[in-house]
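Shared between the two complexes below is chain A, which has chain B as its partner in the first and chain C in the second.
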Partner chain A sequence: MFDALAQNLVYGILVGALYGLAAVGLSLVFGVTKFLNVAHGEFLMFGGYASFWLFTLWKVDPFVSLPAAIVFLLVLGAVFYKLLFGRMVKLTEAEKIQNTLLVGFGLSLILQNLALRFWTADTRSITTFYSGAVFTFAGVRFPIVRLASMGIAFVAVVALQLFLRRTYTGKALRATVENWEAATLMGIDIQRVYLLSFVMGAALAGVAGALVSVGYSIDPTMGMGWTLKSLVVMVLGGLGSITGTFVGGIILGVTESATGYFLSLTYKEVVGLVLFILVLIFRPQGLFGTKEG
Partner chain B sequence: MNRRQIALLLLIIAILAALPVVIKSDSTINLAVYVLLYVSLASSWNILGGFSGQTNLGHAAFFGAGTLATRFLWLSGWNLFPSLLAGGLLAVALALLVGIPAFRLRGVYFAIGTLALSQILYITVGNTFSMISSIPAQDLAVYQLAPRYYLFLGVALLTTGTGYVLVNSRLGLGIMAVREEEDAAESLGVSALKHKLLALSVSAFFGGLTGGAFAFYHVGYYPQLPFGIEWTFDSMMMAYIGGVGTIVGPIIGAVFFVILRELLALKLAEMHLIVFGTLFILVVLFLPGGFVGVWEKTRKALARR
Partner chain C sequence: MLTIEKIDAYYGDLQSLWGISMQVNEGELVALIGPNGAGKTTTLRVISGLLKPGSGNIRFHDHNLGKESAHKIVELGISQVLEGGKIFTGMSVLENLELGAFVGRARKVKDASLKWVYQIFPRLEERKSQRAGTLSGGERQMLAIGRALMSKPRLLLLDEPSFGLAPILVEHMFEMIKEINKQGVTVLLVEQNVRAALELAHRAYVIENGRIAGQGTAKDLVSFESVRSAYLA
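Let's turn to the complex of A and B:
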């Protein structure tokens, strides 16, 4: 009984780290550019397929091919930024949110249907020789792959945090989040900052997707679910805090697995959304946010 | 509307009313039913999404709630019209549940809230009612297509008609003022919250009513089906491609969508979504007025010459 509960919590934390990673990417883009890229889940899906095909066609280990997935998503992000999102930089904040939302939906529809057409609707996952490896501690099983994925997610978020705190470019990004007009006056090239945060968001989605394809499974329609989870985590985390968002992801993962354990597996997918509506009604500033946040 | 437009409108209504009498092919009538369904759905989405500028990503929740309530009440012996009304009201109740808290905040909350609502219902309804909902055999024996068609025609006329009256009323001006410049509208005593909630309620009610008509029309479907996210996206794209924030835009978009889908379905399954998605992005980025906007511009350009 206790073991089963502990096992569930561990699985929740492990998957929650990936929710957190995906949400950090979305949140970074939203914080800097006020673009609500709802094709984020499709970016994640493309990262998953990149890693899947590299493994299936050329036997490249998914952890080795991670940089390739990152580069692929950086390029993809840059292409979509130049083609679509970059055109909406000059709009007001409300228009930006609305139009990027709409363009993002069109894009997600296109990407999802392209994936369906070229890669079929089959659910795929990567099975390596170490996929079944498990490390047991106090009666609780820790699948090695998922543990490693959580570690990578953690490293990615810490690296992002360091980049934002320590480097000049990172500071420019944070300044833009605070006040883009003042940032422009200080000589920060807004266009470049926007492009950079957008491609970084895409790359974070790519990492998350690649990790999902090893420890879990991918399919062409997965994007919407991941976008929704990222949106919920981003808002629950209180918009703008990287650490808060990552922790929010883990909380969502644990809540989901607790729901699966105590209530029913079928409601696992619903609980985050219900949480969002409840927070919206009773605590609109987010779980960790302040009133004027 | 001027006299010529009224005459044109009456002519179109007369043709639509005569359709089941003239055409005996069921497949054509079924196609017409879907056109009318999408006209109602896109027009009802547009009342909120177009005129008040609030992007509703959960219209499927309202459409689905309408089908669920109407189907249940109608099959349990209620008359059709009270069942339809109940479906519309249930949709309004759900809309207010998300709308009241979300409209107090600006930004992303309403869009995500409505999307979350529709996904919650999609999954929950799928789990709770996993059996297919069919019209009982004795009713099926006397099933006729024509009354269904006329119901859809009625709902489509009511939805677009209400939209037209609303937009040309004082309340409609308030709704559009809030869309254009919320703070300015508030400073003139126009309550943004009240006008957004009004547009939302009307939009959800007609979305629910369209769902009710679907419940009366469809012989057998999974209760989850009408909650699917594609109902939201399809109506949203139709409204934008036709011309968001206009009365005729969603109508043109719906007709275009159904025809394009029929044409492409013959050759490439699901290809219509790629085509529609591309068109939708192009409209949002380059032609915010959609087909109606292009037409207006061309007409003005021609008039100037």
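Let's turn to the complex of A and C:
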């Protein structure tokens, strides 16, 4: 009984790290540009397929091909930014959110159907020779692949945090989040900052997708679910806090698996959304966010 | 150094500047005074590139600013302090100052600039590792000006640096501005505190309803009848 609960919690934490990673990407883009990119989940899906095809066609190990998935999503992000999102830079904040929602939904449908057309509706997943490997501790099973994925998610988030705190470019991003006019007056090219944060968000989605394809499974319609989870986590963690968002992801993962254990897996998704509403009502700045702008 | 000719400016369909012309010479401290909503801040925004003029010419040395984007104008040597300072409250004082030296030209001499700013505002050095959001109103304004100086501007645009400060701090702030000007930075100052601004400035422009309503040396304007009755009575 206790073992089963502990096992559930561990699975929750492991998947939660990926929720956190995906949400950090969405949150980074939203924080800097005020673009709510609801095609974020489709970017994640594309990262997953990149990893899957590299493995299936050329036997490239999914952990080795991670940089390729990143580059693929950086390019994809840049293309969609230039084509679609970059046109909305000059709008007011409210208009940006509304317009990017519309554009994002459209893009999400297009990408979903492209994936369906080219790669069929089959659920795919990468099975390597070490996929079944498990590390057992105190009666609780830790699948190696998911453990490694969590490690990579953690490293990605720490790297992002260091980039934002330590580098000039990272500071320019944070300055833009706080006040884009003041940032412009520092000589910061806001357009470039927007582009950079957008492609970085896409790349983070790509990493998350690649990790999902190896530890879990992918399919053309997975995107909306991941966008929704990212959105829940973004609000849960609080805008502007990278660490808070990542922790928020783990909280959602644990909540979902606890729901599966105590109630039923059917209610897994519902509980996430209930959490979302509760946070919006009682702590709109998020668990780790501050009220100060 | 800065020449503005017949600038019209609009916010959407609303015209807020009508044919503004003015000039700022190297080394000067020029004040721009006038009532609320007259177009003082708009004029600064047009110079710094935050707002593009509808028509007219802005020249800074040999550059035509009307076509440059705002971040390029910083590189050319114009730095604007927004009303209220708009410091980055989530970052440390030092990080704010470092961001001031973002442009390549300024980044190379960042350490020297930092020394210079600390010498003008010793308080900022004491507070350098503190989060900027914890600073007092006066310190925030110092940080905003210090941050602008970090870009090594040739022309500094100040928007209401005395706004919201206690009277004793206002006096101190104006002394600082005078000192900065003496050290070779040309200053264009927007102020509601007309008496203090005219004491400080070499020359001033009076702006009313988006038009230049008067200009002259600060001494002339103090005795100028409409300025006296409107602002100094």
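What we mean here is this: the second predicted complex is superposed on the first by the 288 of 293 C-alpha atoms of A that agree within 3 Å, B and C clash if a C-alpha of one lies under 4 Å from a C-alpha of the other, contacts with A are read in each partner's own complex, and residues count from 1 in each chain.
In this text, contacts are C-beta pairs under 8 Å (C-beta built on N, C-alpha and C of every residue); 3 or more make two chains touch, one makes a residue touch a chain.
What you are looking at is a predicted structure, and each value in this text was computed from that prediction instead of being measured.
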Inset, instruction - Figure out whether A:V75 sits in contact with chain B (first) or chain C (second), or with both, or with neither. - result: neither
Inset, instruction - Look at A:V134 in the shared chain and tell me whether it touches chain B only, chain C only, both, or neither; answer first, second, both or neither. - result: neither
Inset, instruction - Return the chain, chain B or chain C, that is in touch with more residues of chain A. - result: B
Inset, instruction - Applying the touch criterion given at the start, work out whether A:V155 contacts chain B, chain C, both or neither, answering first, second, both or neither. - result: neither
Inset, instruction - Classify the contacts of A:T184 with the two partner chains as first (chain B alone), second (chain C alone), both, or neither. - result: second
Inset, instruction - Using the touch definition from the top, say if A:Y168 reaches chain B (first), chain C (second), both or neither. - result: second
Legend entry - Which of chain B and chain C A:L116 touches, first, second, both or neither: first
Inset, instruction - Using the superposition on A, tell me which residues of chain A are in contact with chain B and, in the other complex, with chain C. - result: none
Inset, instruction - Within their complex, state which residues of chain C touch chain A. - result: 48, 50, 69-71, 74-75, 79-80, 82, 86-91, 95, 98-100, 102-103, 106-107, 133, 147-148, 151
Inset, instruction - Going by the contact rule at the top, pick out the chain B residues touching chain A in the complex. - result: 53, 55, 57, 97-98, 101-102, 104-109, 111-113, 115-117, 119-120, 123-124, 127, 229, 233, 236-237, 240, 270-271, 273-274, 276-278, 280-281, 284-285
Legend entry - Sites on chain A touched by chain B in the complex: 30, 36, 84, 87-88, 93-94, 97-99, 101-103, 105-107, 109-110, 113-114, 116-117, 224, 228, 231-232, 235, 264, 266-267, 269-270, 273-274, 276-277, 280-281, 284
Legend entry - Contact footprint of chain C on chain A as seen in their complex: 168, 171-172, 174-175, 178-179, 181-190, 240, 292-293
